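Below is one structure; the comments refer to it alone.
Each chain gets a letter, A, B, C and D, in the order it is written, and its residues are counted from 1.
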Amino acid sequence: MRFASDNSGPVHPKVMEALATANEGWALPYGNDDWTRSAIEKVRTVFEAPEAAVYFTATGSAANALALATITKPYQTIFCTPEAHIEEDECNAPEFYTGGAKLTLVESQDARMDPDALAHLLEAKTGKNVHGAQMGPLSLTQVTERGTLYNLDHLRDLTAIAKRQGLPVHLDGARFANAIVALGCSAADMSWRTGADIVSFGGTKNGLMGAEAVVIFDPELAWEFELRRKRGGHLFSKSRYLSAQMDAYLTGDLWLDMAAKANASAQKLVAGLEKTDAVRLLHPPEANMIYASFPAAAHRRLSDAGAQYYPAPGAMDGADDTLASCRIVADWSCPDAHIEEFLGLVAGK
Amino acid sequence: MRFASDNSGPVHPKVMEALATANEGWALPYGNDDWTRSAIEKVRTVFEAPEAAVYFTATGSAANALALATITKPYQTIFCTPEAHIEEDECNAPEFYTGGAKLTLVESQDARMDPDALAHLLEAKTGKNVHGAQMGPLSLTQVTERGTLYNLDHLRDLTAIAKRQGLPVHLDGARFANAIVALGCSAADMSWRTGADIVSFGGTKNGLMGAEAVVIFDPELAWEFELRRKRGGHLFSKSRYLSAQMDAYLTGDLWLDMAAKANASAQKLVAGLEKTDAVRLLHPPEANMIYASFPAAAHRRLSDAGAQYYPAPGAMDGADDTLASCRIVADWSCPDAHIEEFLGLVAGK
Amino acid sequence: MRFASDNSGPVHPKVMEALATANEGWALPYGNDDWTRSAIEKVRTVFEAPEAAVYFTATGSAANALALATITKPYQTIFCTPEAHIEEDECNAPEFYTGGAKLTLVESQDARMDPDALAHLLEAKTGKNVHGAQMGPLSLTQVTERGTLYNLDHLRDLTAIAKRQGLPVHLDGARFANAIVALGCSAADMSWRTGADIVSFGGTKNGLMGAEAVVIFDPELAWEFELRRKRGGHLFSKSRYLSAQMDAYLTGDLWLDMAAKANASAQKLVAGLEKTDAVRLLHPPEANMIYASFPAAAHRRLSDAGAQYYPAPGAMDGADDTLASCRIVADWSCPDAHIEEFLGLVAGK
Amino acid sequence: MRFASDNSGPVHPKVMEALATANEGWALPYGNDDWTRSAIEKVRTVFEAPEAAVYFTATGSAANALALATITKPYQTIFCTPEAHIEEDECNAPEFYTGGAKLTLVESQDARMDPDALAHLLEAKTGKNVHGAQMGPLSLTQVTERGTLYNLDHLRDLTAIAKRQGLPVHLDGARFANAIVALGCSAADMSWRTGADIVSFGGTKNGLMGAEAVVIFDPELAWEFELRRKRGGHLFSKSRYLSAQMDAYLTGDLWLDMAAKANASAQKLVAGLEKTDAVRLLHPPEANMIYASFPAAAHRRLSDAGAQYYPAPGAMDGADDTLASCRIVADWSCPDAHIEEFLGLVAGK
């Protein structure tokens, strides 16, 4: 029962095949190879953005930090939610890559940023002149860090507020595919059509070995990004092996199929959890990630059975019926039998 | 004929196999997996350093920059040769990762640092007090950037000079295996026994997909390194795929076999080039990399035949017998037929 | 009527005299002069800290940023209030000087940090491992940015929470003298005896031309500070002119006399404001800074009379009896007649 | 006998007077005062640059680092001589303020940069693509760090080479006034007319207490500079005291008079030294700074008499007639009697 994260399952066999195929013969390094050219074109097609600059990195933190560094000055601040991965889980990578910019936390509900709070904050920053941090990009995460989604109107509202101040918008799409599938919209709808200027387009959490794309809709930023990627040690000499992953990902809807499978598994879990009286969902589980609380006794049963997921610290310690929270994540490779077993243990059957 | 670099050939089949094996089932992320544990132990065994802290990165620039950042303060300067990869080919990655340290260039012959020049420079720095950059680590590259080697005495001399000032020593071993094979010594001989404190142990240029190890002989620096790796976006969630490469590399002498093959190919090239009167070797070719000059006519013949190597800018433009320089690199996968063909074209037969 | 800030009045005549005296003859640069030696000793005496390392800077932002950089790693976060000068008014100087550390905002009342909120946050950070920002120093401001004070118990509570986690404590004492006078305690009481490890000891807001001291109770940090000061461009060649200011400041209680005068002026303002029905004090005015709201009509009368203070944006625009907020600051040079006039205009007499 | 540096003499009485006058009454902080407005206009007039952005800092390192940071990207390199103050004497301040840019050393004679060496280096950098440091500004020092001067043609040659590559030019004018006086040209001639884009215009080494101007000929860079100055902790709240110094400096040719006096004193020293057989001038002493070597016996006589200057380490230790080098600097306040005494001791009379 592996529900700890969508980064612990195997790489999809088709991706492994693509790597094997890419391994035939020689290829020029640093992106001057056919696999890279092909993968870039596929990203552009998916995003309906034929002019976009597209680059590949091996980690999501690299994608985010490089994307933000490309559009942020060191005396600016980036607006994000308190739950944002860039705030909570990157050990100051954005501060490092931007050369010392700040992150300003904007109030949120269920990890979705509140437009009024953003508008209010931007207004307050306006009067600070040279003394305060200058206003920099807005960074939003979709799927959010609590497993919820912004609908397209919500995205549009937030980016419009930023754009009234001339601020660029970054989208952290570590689970971009899961969001697309859940919303039933296109990549273009969820990015440039709703105001995103630069996107971290994730693959690693959705069946790749380690490959993300940064999609930059303004190609004038391309060279700036390339220099920062090199300086960060993120330019791969053997680029074909990053590109081949992304190429396979975007071939024949593999990316959407894997995300659909992950979301469906999560929804099966949700449906099962909702049948158990003692379970509380902490945030609406709209993609492949569930935050829930249930009795310590259930946590202990899961633990005894070796289930992997993220119970809160101390979740095993309470009295049998003390509610304790946890995070449960499904990925493309999740067997139905694991779901059944997990639900059975929660329900105590 | 692919002699442009040792980063353009395929990944060794045994490494691809290891990746396929590593792909079975689930694994905890961020290095909490069996492949990572196994690969770390193998590195420690090879280096005869059971206490060493060992970490994997996907690029050599990341390995170098993180290693240096772990032992350099932002107000210090790093001593290296003018040819050093960290000076010439990393777009200021060391300056970035150290938070603004300087690089001080020490005179070299054939890209080997001159001990007298180093001693002289360190002495001159001593009197600067708070005003000048403070003395930081010595960084040496083995195999050097011009294809030459330091023998162990030379290494010992240089590190002794640094250590008299209390300075730590970094070894950029992007081609560590090629050096070991050429010198016929052990990894321990060429690292901690001759004064290295931290090593970038390369794999990418020697048949891996993209994996290097940073070997830190003082385990007290481990946590500092881990935080800097994370902050640089170089901590892989799916670590097993880095580790599996390194594990296969150090299994059954694969790393030494590949390096031996690359070196032998280069020596065949050297032997052939030396038979051609018009060829001049620019530096002693002691491992798998050759710097040579030969007539523009030969460069044109190679170019017409589609040979891949690095001729100097304008090498094709001179009169037939104008000498023009180039770099030629052999990797593990180099077919003998390519060598024959290349030599034939140089010789004009 | 000059109540805009305590940085707009003249330098005290005794300080000007000291500068004139210091200007006689030659002096070795960079702090190797008698004025600097004398001023350092006076700071140590005032703080009852004979071993402390003491350095002078010309601005409070430099003092804060250098002090924090000396005790913060780039992968850490600094804990401060949302109102903190280092968060709000230094254009990312702390992020810059620390090499990219973060600031984490801790809830406050009247700009005093809430100990429970701090304890809660530190606990939450404990579980983040390598992924989150690591815990760095606690930074407190005394007098706070809203004109209130921590009493010594409150300081002790906060620093104890930090110290339980091994975190160092920085005190931003831009208005240190005003706090000392208001609390009736000693400099030692308000610094190392209540847990501060490093203090920005302000002078510029209290009658100096531009001089602050950084007081470091652990002398082992001295060299680190010196290098960072030099690298920041804050080492003055003609140091005697910074030191002479600080020397005069600490001679014959001048620093306390000026602060007492500033506080007394503010208390006269408070007493007068409290007599006017429509005035609301927004925070307890415990030193020389007052946050109040009163009717727009009063703001307009003040504005027409040329009074200098900080009304909130739009304060002049409302209906006559609309309350609008403002900041009023008194310094050592404030004439009583200005106070009378200001109060008369507020009261509408 | 004070010849150690031009930073150890007193502040000129007219500057002290200006400070006293500026101290009358209140003034708005952060540059919103009449003294600042007046001083800015005087700088613009001197430079014949009515549109120039002009800012004041208290140290030369701050002026240089902020000027360079305004025109350098973190992935670029700055071209300077091996003797440059920014390379040798600022403890990595340029690397810090630029966010990690590199300094590339260009060959020099008598600390004057060699145009051919510069041209050659820029050409070599052209082919590095994303891998090498990108080309950033050219930084020249006038008066050079060895007391020599560039004539205007030499300046023009160097800046033309930079400008052919589109690179901006910084002039470190810590001793700008001494150069102007020695060359007999105007400030405009020695800056924008010969290709400088941004100038550190020194005052501290020429009779001020601590004030430099940064003159930026492209006013579009003004805001970038202001933010970086604030972020560096170099924005003074009580700006009037920096500005009043600069205002007095540029009133009635005080700046030129002081520089002329310093240069004349140095020339008297040179004339005297040249009369002594055993003295060798190490560089042409063209302004107020002399590098010479003379017998150890003379160094000992000077030392015994308490003369302040910079003998090389060990200069006192040799046999009587062993030549040992030293630096001798004259400032505006140098009494003729000191010169006589110094020369007498060197000559051994």
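As a convention for this text, a residue touches a chain if its C-beta (ideal position, glycine included) is under 8 Å from a C-beta of that chain, and two chains touch if they have at least 3 such contacts.
Every value quoted in this text rests on a predicted model; they were computed, and no experiment measured them.
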Give the chain pair, either C-D or A-C, that is connected by more C-beta contacts.
C-D
Across the interface between the identical copies subunit A and subunit B, with over half of residue numbers shared counting as same and under half as different, the residues used are same
Of the other chains, whose C-alpha centre is the longest way from the centre of subunit D?
A
CA centre of subunit B versus CA centre of subunit C: separation in Å?
51
Per the C-alpha means, the centres of subunit C and subunit D lie apart by a whole-Å value of 34
Whole-angstrom distance, CA centroid of subunit A to CA centroid of subunit C, is 41
Residues of subunit B that touch two or more other chains sit at 74-75, 90-92, 96, 99-100, 130-131, 134, 227, 230-231, 235
Subunit B contact footprint on subunit A (complex, rising order)
2, 4-5, 7-11, 16, 19-20, 23-29, 57-66, 90-93, 96-97, 204-205, 209-210, 227, 230-238, 241, 308, 333
In the complex, go through subunit B and note every residue touching subunit C.
30, 73-75, 99-100, 130-131, 134, 226-228, 230-231, 235
What part of subunit D is in contact with subunit B in the complex they form?
74-77, 88-92, 95-96, 98-103, 105, 127-128, 130-134, 313
